[in-house]
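Same chain, two partners: chain A is paired with chain B first, then with chain C.
And now, the complex of A and B:
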């Protein structure tokens, strides 16, 4: 009994016991699945029968897989367009709400609401109906005098934009992160600038923007990763149609694995995506020195 | 000058209101449409106010699919989200406390691993985890939707709580230690009561994420009896399903109700969680 008591009072033993859940979780739910999936990436594996080692075959297949390239380019296009739009919007709106009046607080809530529910199936289902040919968007356009009925989701040019719009609509959480850093900029900086005769624009470009660059960088990294890995919207709204013009990489991976039962190929696709995310993150970090202000306040 | 300011202010409020209205228009449209007669939803899609106000959509929608009502789906979702959230909060707080308050070999390495799990997105793990859970015989059960989260694998929450505990003065622990309190006593009697705000923040984010977790449900749950709400909603969009759009809107609106309520009552915690630790909403 005393022995147990002594153990419980020991700092290092207690520490290990406290972090035990994470150690177990890390091994069982991250390290092991990632580890075995490396092996599967080099196998023919249809989930039902045992995997057969085939070397680099899956990666060679990828090079000739039209949908791989298509989905990769769709995903990158979607990310490169939607992330900057989202961040610019978030920043502009954050600037509008910088004043902490009561009304601004309520509006902030309204603007933030879409990003808290935006990932749900309910919203994806709703989006699909809004952009249907007889949906609310077309009807409002009709009421405004536009004669044409546009098939937003049936047209290869417009379908991807409905998904981009859905993403940009959820700028609320980025906006809140911007607001958090905006409020940390000391007021004295602006007072000093005003004394020196700097106008509003000058203040924005010489004080606000440089001091926000670390936050912009953080948002950019997070949103780019999220963008590359998006799937729910595509899955429910477009299923990659029309003509695969909205086929996200993650959905392609899902289809190969769970629809065509090519789990080995799916594991290879997953690993290629991990590499792509890594490359994007590394590139962003490499440019960090060039434009991110790190002097603190 | 006075006049110019007033004009500026008016323009500001007009701009902010118009954008705000556009922001919530889709949601308003969904909620309003759910009270319209189902055959008029698309003929009157450009107006928000229902001509005749009806609750039929809710009654019809609630009946669900193949004799399984939405009552079952909601019960399933609540079960998954509540258990996984309790597991997340307890395990994350234990780990955060251990990392913050105990010195032991490998602590730094583990802290690095926590940060790393924040960077590894759940989506890329979809296929690897499926293959692993398949081996464990978990496919078709709620295990993959609940058990992993009870082992603090979401670094965000550990990190959030870690920062919170770091801000609690160490003198409190020292005093308790002198009084003969073990580390577990300190965790249970001193740290936990003081970290309630971070537990609430983590709890509501976890609940929202688990409630909306569509992909895992799609992968692991095959039996319609066990469907959570998000997966049941997808049935409405499946080709070949009778398209009762009124019922679809009604059940969609109901499905976001728990999250809406959290938003209304816990907005402070949501805002804090996002602006201090960059949790995505």
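And now, the complex of A and C:
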């Protein structure tokens, strides 16, 4: 009995007991499914019957899958365009509301709002209605004297841009992170710069921007990952139409798995995406030394 | 010290609770098994379907009626829009509800994978009474040597149209239109009223319309591990119609579909749109959708129903099982589930509530009995099936292969390219044949 007591009250044992609920959840709902999905990626699996091991077949299929390449290029284009735009907007708005006045607080809240309702279905539905042929955007354009009715979602040139715009509009969380680190830059730097005669622009490019690079880097990595894994906008607003010009990779994966019941191929697509996310992140980290300031303030 | 003990106990309790939570569903499963086996005890059944609000209400009502008549049976009804995703996960986990709604496109796959119960014994011993049902209709539920689904209503491909609009323009629609008749009407409507034409793409019925085109030539869409045609020329008439419409200007602008849920009657260009430019005079639907299309129509607009255009309607047209009821292979009380299906198919009180919302009832007795209670629109559908389609139809195509949903997506995406003018009808036919064959060959 004493032995058990001694065992239980050893610091690390009770620590382990405390984290057990989380560890069990992690193993049951993440590690095990992750392992199973690696196995499925090498199988023919239609969900209804048992998986059959087929080696690399799924990965070979991908090479000839037109939609795989199409959706991959759409997703990368979307990420490469929307992420920088989003970060620039977030930074500009953060700079505008940096001063803590009452009105700035309200504006911060208002601009953060789109991100709270973030990836939600409701916003996507709203967006779809706004950009419809008879939607708000066209009506505003009519009121401004534009004669032509533009089908924003139905045109292969504009459809992807409506999705990009939606993403850029949701810049709130990046803005908050920028605000946090903007307020950490010591005021004394700016005072010294002013004494030296530096103007506002000079201060921004010589002090603010370099000291913000760690935050920019963090935001960039997070947003690139989010961008590559984007799903809701496409699924709700366009379903990949018109002519697959807005087909996101994740939606293609969903279709293969749950519409065509090719879960093995779907799992393989998922693992390829994990590799792609890994490559993007690795490249970003490799360039980190070149432009990210990692000293203290 | 005391605090630590309490903390440890709490942590243990939480862990235990979590583990207990994981196991509880298994425990209740065995419970229901033991009660189900002994006679007279409480029997739990579950039923799963998809459909409109109207269907959910009516189905729940008849389940309540059944429970009232059979106090020892409890039925849990579930419905879902994300039906096939959930069905697949149910089947994979062996937790499929006892009675499920199926369609012709998916049932064979579920039957072949052993997830459905062969209903032949229940039909033979009379638990499910099929004596008033046409043999051909019963056989639509046949997969290999067993019957895995009981058809719960009959429908047929149907062209729904804005009758009020056409009456005002002085255009009359006759049943069994030929292709030329149809194209002439599309032109005439466009000239006189400005209304355009939405073809099978908008209503998500391209699969049926393609079958229409092929059956006339003695071909099927799904052959043995390939598209069932000899050459791409045979597929071309399908795309020709789109191409003609695009060239002549009466085809509805394809960009409109991106903004809507295709196949959903409330958003169909027949009843929804801001100007004639964005609306259609017709839509390629199924007969049982007339009722919901009529209720979605603005006041004063009457929706008419006729056959799809075809140069040889008798070979092209077929009577379609709108849906099936099947029993899960994991069902613990198959006898009770079979009784429930029998109730849904044969009971007159029950069908006086359902009123053919799933299609015209398959039992001739039931169909006759409810005819006086159904609304005018429902009556129109029954007349269409019995008097227009039945005399001029032939047997349905054999059950579809597992890849049929992929073929439908392919057909849609190629049709889309034709509508946007990116492909000619001829190129589209060739591309569909080539890529369709690759899918069906299992690549």
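By definition in this document, the second predicted complex is superposed on the first by the 288 of 297 C-alpha atoms of A that agree within 3 Å, B and C clash if a C-alpha of one lies under 4 Å from a C-alpha of the other, contacts with A are read in each partner's own complex, and residues count from 1 in each chain.
In the analysis below, contacts are C-beta pairs under 8 Å (C-beta built on N, C-alpha and C of every residue); 3 or more make two chains touch, one makes a residue touch a chain.
What you see is a predicted model, and the numbers here were worked out from it, not measured in a lab.
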In the superposed arrangement, does A:270 touch chain B (first), chain C (second), both or neither?
first
Can A:28 be said to touch chain B (first), chain C (second), both, or neither?
both
For A:258 in the superposed arrangement: first (chain B), second (chain C), both or neither?
both
First (chain B), second (chain C), both or neither touched by A:139
first
For A:113, decide between first (touching chain B), second (touching chain C), both and neither.
first
Contact-wise, after the overlay, does A:172 reach chain B, chain C, both or neither (first, second, both, neither)?
first
Now for A:75: first (chain B), second (chain C), both, or neither, which partner does it touch?
neither
So in the superposed three-chain picture, is A:14 touching just chain B, just chain C, both, or none of them (first/second/both/neither)?
both
If we overlay the two complexes on their shared chain A, which of chain B and chain C does A:162 touch? Say first, second, both or neither.
neither
Residue overlap on chain A between the chain B contact set and the chain C contact set?
8-9, 14, 17-18, 21, 24-25, 28, 47, 128, 132, 134, 258
Which residues of chain A touch chain B once you look at their complex with the stated criterion?
8-9, 11-19, 21-26, 28-30, 32-34, 36-37, 40, 45, 47, 93, 96-97, 103, 107-123, 125-130, 132, 134-136, 138-140, 142-143, 169-170, 172-173, 176-177, 179-180, 218, 222, 225-226, 229, 231-232, 235-236, 250, 253-254, 257-258, 263, 266-267, 269-270, 273-274, 277, 281
List the residues on chain C that touch chain A in their complex, please.
4, 7-8, 11-12, 14-15, 18-19, 22, 84-85, 88-89, 91-92, 109-110, 113-115, 253-259, 274, 278, 402-403, 405-406, 409, 413, 416-417, 420, 422, 443
Chain B to chain A touching residues, read off their complex:
12-13, 15-17, 19-20, 23-24, 26-27, 29-30, 42, 45-46, 91, 94-95, 97-99, 101-105, 107, 110, 113-114, 117, 119-121, 123-132, 134-135, 148, 150-153, 158, 182-184, 187, 208, 211-212, 214-215, 219, 230-231, 233-234, 236-237, 245, 248-249, 252-253, 255-256, 259-260, 263, 267, 270-271, 274-276, 278-281
For the complex, give me every residue of chain A touching chain C.
8-9, 14, 17-18, 20-21, 24-25, 28, 46-49, 61, 64, 128, 132-134, 151, 153-156, 159, 238-239, 241-244, 255, 258-261
